[in-house]
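Just dropping this structure here.
Chain lettering (A, B, C, D, E, F, G and H) follows the sequence in which the chains are written, and residue indices restart at 1 in each chain.
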Amino acid sequence: MKIRLNGEATEIAAVTLAAALDELGYGEAKIATAVNEDFVPVSQRESTALADGDRVEVVAPMQGG
Amino acid sequence: MKIRLNGEATEIAAVTLAAALDELGYGEAKIATAVNEDFVPVSQRESTALADGDRVEVVAPMQGG
Amino acid sequence: MKIRLNGEATEIAAVTLAAALDELGYGEAKIATAVNEDFVPVSQRESTALADGDRVEVVAPMQGG
Amino acid sequence: MKIRLNGEATEIAAVTLAAALDELGYGEAKIATAVNEDFVPVSQRESTALADGDRVEVVAPMQGG
Amino acid sequence: MRDFYGVTLKTPLMLGTAQYPSPAIMGEAFKASGAGIATVSLRREAGGERAGQAFWELIASLGTLVLPNTAGCYTVKEAITTAHMAREVFDTNWIKLEVIGDADTLQPDVYGLVEAARILTEEGFEVFPYTTEDLIVCERLVSAGCRVLMPWGSPIGSGLGLNNEYGLKTLRARFPEIPLVVDAGIGAPSHAAKAMELGFDAVLLNTAVAKAGDPVAMACAFAQAVEAGAAAHTADLMEPRDMATPSTPVLGKAFLE
Amino acid sequence: MRDFYGVTLKTPLMLGTAQYPSPAIMGEAFKASGAGIATVSLRREAGGERAGQAFWELIASLGTLVLPNTAGCYTVKEAITTAHMAREVFDTNWIKLEVIGDADTLQPDVYGLVEAARILTEEGFEVFPYTTEDLIVCERLVSAGCRVLMPWGSPIGSGLGLNNEYGLKTLRARFPEIPLVVDAGIGAPSHAAKAMELGFDAVLLNTAVAKAGDPVAMACAFAQAVEAGAAAHTADLMEPRDMATPSTPVLGKAFLE
Amino acid sequence: MRDFYGVTLKTPLMLGTAQYPSPAIMGEAFKASGAGIATVSLRREAGGERAGQAFWELIASLGTLVLPNTAGCYTVKEAITTAHMAREVFDTNWIKLEVIGDADTLQPDVYGLVEAARILTEEGFEVFPYTTEDLIVCERLVSAGCRVLMPWGSPIGSGLGLNNEYGLKTLRARFPEIPLVVDAGIGAPSHAAKAMELGFDAVLLNTAVAKAGDPVAMACAFAQAVEAGAAAHTADLMEPRDMATPSTPVLGKAFLE
Amino acid sequence: MRDFYGVTLKTPLMLGTAQYPSPAIMGEAFKASGAGIATVSLRREAGGERAGQAFWELIASLGTLVLPNTAGCYTVKEAITTAHMAREVFDTNWIKLEVIGDADTLQPDVYGLVEAARILTEEGFEVFPYTTEDLIVCERLVSAGCRVLMPWGSPIGSGLGLNNEYGLKTLRARFPEIPLVVDAGIGAPSHAAKAMELGFDAVLLNTAVAKAGDPVAMACAFAQAVEAGAAAHTADLMEPRDMATPSTPVLGKAFLE
């Protein structure tokens, strides 16, 4: 299905957030996730189903002031 | 009945705000009124009945910064 | 003879400051004069002889802060 | 004779600055001296004769900013 | 020139009416300074007292516009009820909205202020909000319908002048269309002139005039200072320079040594 | 009121005549501001040029007092000769004495200044010394016979205002009898008002007016500002307070919540 | 000494991690200055990118406490979601709460800030709010559960220092129990020392260090300055005096003229 | 690094020895702060008193360089005689030359100062002149042979800090080779840090340390502050900006609303 990953249209086969992250190559990366502007903790990635058009955000640590 | 006029316990015979103001000697004074913290315009003083314990505020122009 | 008038080498025939000023076209101009860095008042222009190489300054009113 | 020692009238028997300093109990103190407002170095205390009325200053180290 | 809810000020000076040695001196201060706006307030009055009546007649005689305030109100509710009473008594839609957040500094409660400004605007008032120099607060006030902003210079009655010039400059830059008034904290004509040089539209004063040795003369001094500052802003001030330059052209200087 | 060598100023504004867009604008600036003293200078003139003549007629038409300066003089000798030439040309004993110590900052050479002031005073001049705010220097100038002091606010033409307010305050406190003028560095009416609030007797300006977008309007702005500051000083300014106090008496406030 | 949610700081210096010439220089700046708290952020990462991983390992190697921010969030919703993501990634309840109100000045939106602070506190976060110096706003933040306040000195990245010293002093006086940090706007060690002399508990810096010619040396300079200011506050600074007094006792001075 | 008559300072801190609660505390202040130069003076001593002896032994034990002053001298003659007595007693050619012009402000008499500096230099002294920030005066002092300049920040003992920052900046720009020390008026570490940030080479303090609640801690605070300021000057401070810019790159911000 088609989701928006960090603002970019992206085609994925996976139907859960966890599977999508694997498919997209995040593997063990130190990341946090949100779907449709709501935070999804690690513990809920498995149980979070993705639907066509979902907005998925994946963020990682960066410099900050 | 007993009302609180500008914070002071006051005994009045009048049952409307307009009558109370006459009874209390405000006559033609340049004043504005509130009952129980709500503004009561001139036009409604006649029709505003007072009840025992009502809090009546009567204010007039003063210096201000 | 050769004098320096306001810093410029100048040839004059006159032998007094007063005559020199006439010769140089100052006429009735509103000016003040110095010769060799000393002030020469109007009253002494006639009696002030010029010598070859003298430094003559002629100044007039100007804007100032 | 009578001198002024640091502004105070003082009677001394000594006739040189060096002797006066001994007589006055300065001994080995870490001091500098002036007579009649002129500095007198250690080397000249012996040879500095005092006269009646001389103004002798004796100073020592103190706190300063 | 920016107008105050359709009104063009005669002078950039707004003057308070409190704390003068006497009503007569207050009246003189207004007449002498030509201040075009007088701020006033309300207080409890007893039957037969008529103090308000006397004060009102004095104000009416000044021929100025009247700007009632909600001084001393700590809640939205108090401020709104006070505004309604003021509108009736003073017969004007103008209200200098004060929602005080602290009894010592008398500074605005920017939360209650915005809420009260919105409600009063909806009820047809023309709100002059006494605010801080906070840009975001001022944007909220404008969104709430305010067409005038009155940031403080420093705490009321402190006379400290402009505590945060940078903040005031930012407001001027960000609200080119909105009339801006420095309200509170001004202690000297030089403060008032500075505010106007920054491009402000007016200054509101009280303590610095009323508590001066000679309030009438001080009111005039402030009147001149605000006009001086306003004129200077229009006439385009020179840029300060870190390098000194001569006022007198050196060209043609006589050589005399 | 303190007098300047027997002369009482009409206004506390002294204005320079240099750097204006045109002679006409300069004339307007004087007329509009009512400045009572015009500073002028001297420069070399060629035979038949008559530029000085024209300038002089313009100045004469202003009806102000004329204060010639010794701008650009770096030595006592130059300054004295220039003063003598100025006295003859401008027919006045007044001289604004400048002995410059540095070509960049154009600041006074306080050594040459005091020596020249002494000599000129002995020769019958009435000296207006352009000085720093140094108390000791000013005492020397007074001992040398100066009855006016003109400390700088900041470097000539910088527009930085009053760089050392503390020093200026000290001068006012220490010379209660001597007229004090802030000369140089003032860039805005608020600076000028501040100087007068400190108790100064006048302000001398040039660049801030001549280089303004609208010199005539700016001259008026400064005229108002100095009068405002002077009036405020006389009327006794309030003391700034670190604690805020209400402008509106809280007594009798209605209870509405 | 006031603690930050139970943590006592090793030093009063908090340092940002952005804008350094290189990660290595950033690491050096932390090691050399001994800054005890590092602020960090979050950004989008593509699959396989692992940039965040690398940055994280660098931060972990510093041995400092980590304070994640919500930089760039303009709404309560964004800030809260960002806070949750930060808590998971950085494994801390601490959050430097930024709810930005303006893209130019990057100043706090004090409305969204208080709301977000309340929600996050209820959700178990320990909030470090980036706020203005507004006393009323700070009271709301404390009521919302904040036990640390981080008022700005001046706009982020401006280096202007403490634009409203009076406001900062007021906060210190009114919140004796709450740790106060000047966050944003500090440009020089003298600014940081001043903040600490006012009784603040720490200073948070980034641009002034990262953009210095030598960030490592500058970080050390700030570390010394904040300790100097803190020590001076504790050691009780002398009161400035308007009258000069001799450092050297005049008693017993020799008479030599 | 600029040297002081061939001597390179261990630290940019010079400390006075007057006004401490006790000699022991003074000693501690020096040891703790590492101040490398101690200023001292002379006073009349009676026979058998030996107070000077005791003080001298204390100073000797500090292991600092000693800089005798001519405090309290109002004439060239007094200053010179005092300098000679100091050279003999303290066995050094260094002299902190004070020629005081006013008993209240204790400011330098710049006339006597230059004359005394010239004479003492000819007599082999290495002069540290206590001066104002006047550029021309400082040029005269350098011409007189001074290779160190010590302008005041503000009047001795006032703690007002740097009254004329512009003047001090000018000195730094104009004397790139000459060691510059701010002497007098510094009241807080932030003042000292600022002086060093301007590029000064050292700071001389006394009252701010001796009269602090805890002189030893305050001495350390100043020691840190001057090093912080010096390091910051070397590390190249950021330029203040009138426009705010984000510390956190906005690139890649998650979209969460």
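List of remarks:
Throughout what follows, contacts are C-beta pairs under 8 Å (C-beta built on N, C-alpha and C of every residue); 3 or more make two chains touch, one makes a residue touch a chain.
Note that the structure is predicted; figures quoted are calculated from it, not measured.
When the contact pairs of C-F are matched by residue number across B-E, C-E or D-G, over half of them reappear in B-E. Judged by contacting C-beta pairs, the busier of the interfaces B-E and D-G is B-E.
If each chain is reduced to the centroid of its CA atoms, chain B and chain G end up 54 Å from each other.
Between the Cα centres of chain A and chain C there is a gap of 94 Å.
The mean-CA centres of chain D and chain E are about 72 angstrom from one another, to the nearest whole unit. Annotation for chain H: residues touching 2 or more other chains are 16, 18-19, 41-45, 69, 71, 77-78, 81, 85, 105, 107, 156, 160, 206-207, 246-249, 252, 254, 256-257. Shared contact sites, meaning residues of chain B that touch two or more other chains, fall at 6-7, 34, 37, 57, 59, 62-65. Applying the touch definition to all chain combinations yields A-G, A-H, B-E, B-F, C-E, C-F, D-G, D-H, E-F, E-G, F-H, G-H.
Of all residues in chain H, only 101-102, 105, 107-111, 114, 132, 134-137, 139-140, 154, 160, 163-167, 170 touch chain F in the complex they form.
Chain F makes touch with chain C in their complex at residues 16-20, 26, 39-53, 55-56, 59, 68-69, 71, 77-78, 81, 84-86, 88-90, 156, 206-207. Contact residues on chain F toward chain B in their complex (touch as defined above): 246-249, 252, 254-257. Every residue of chain E that touches chain F in the complex is listed here, in rising order: 16, 18-19, 41-45, 69, 71-75, 77-78, 81-82, 85, 104-107, 155-161, 184, 187-191, 193-194, 197, 206-208, 211-215, 217-218, 220-225, 227-229, 231-232, 234-254, 256-257. Those residues of chain D whose C-beta lies close enough to touch chain H in the complex are 6-7, 21, 24-27, 29-34, 37-39, 41-42, 57-65.
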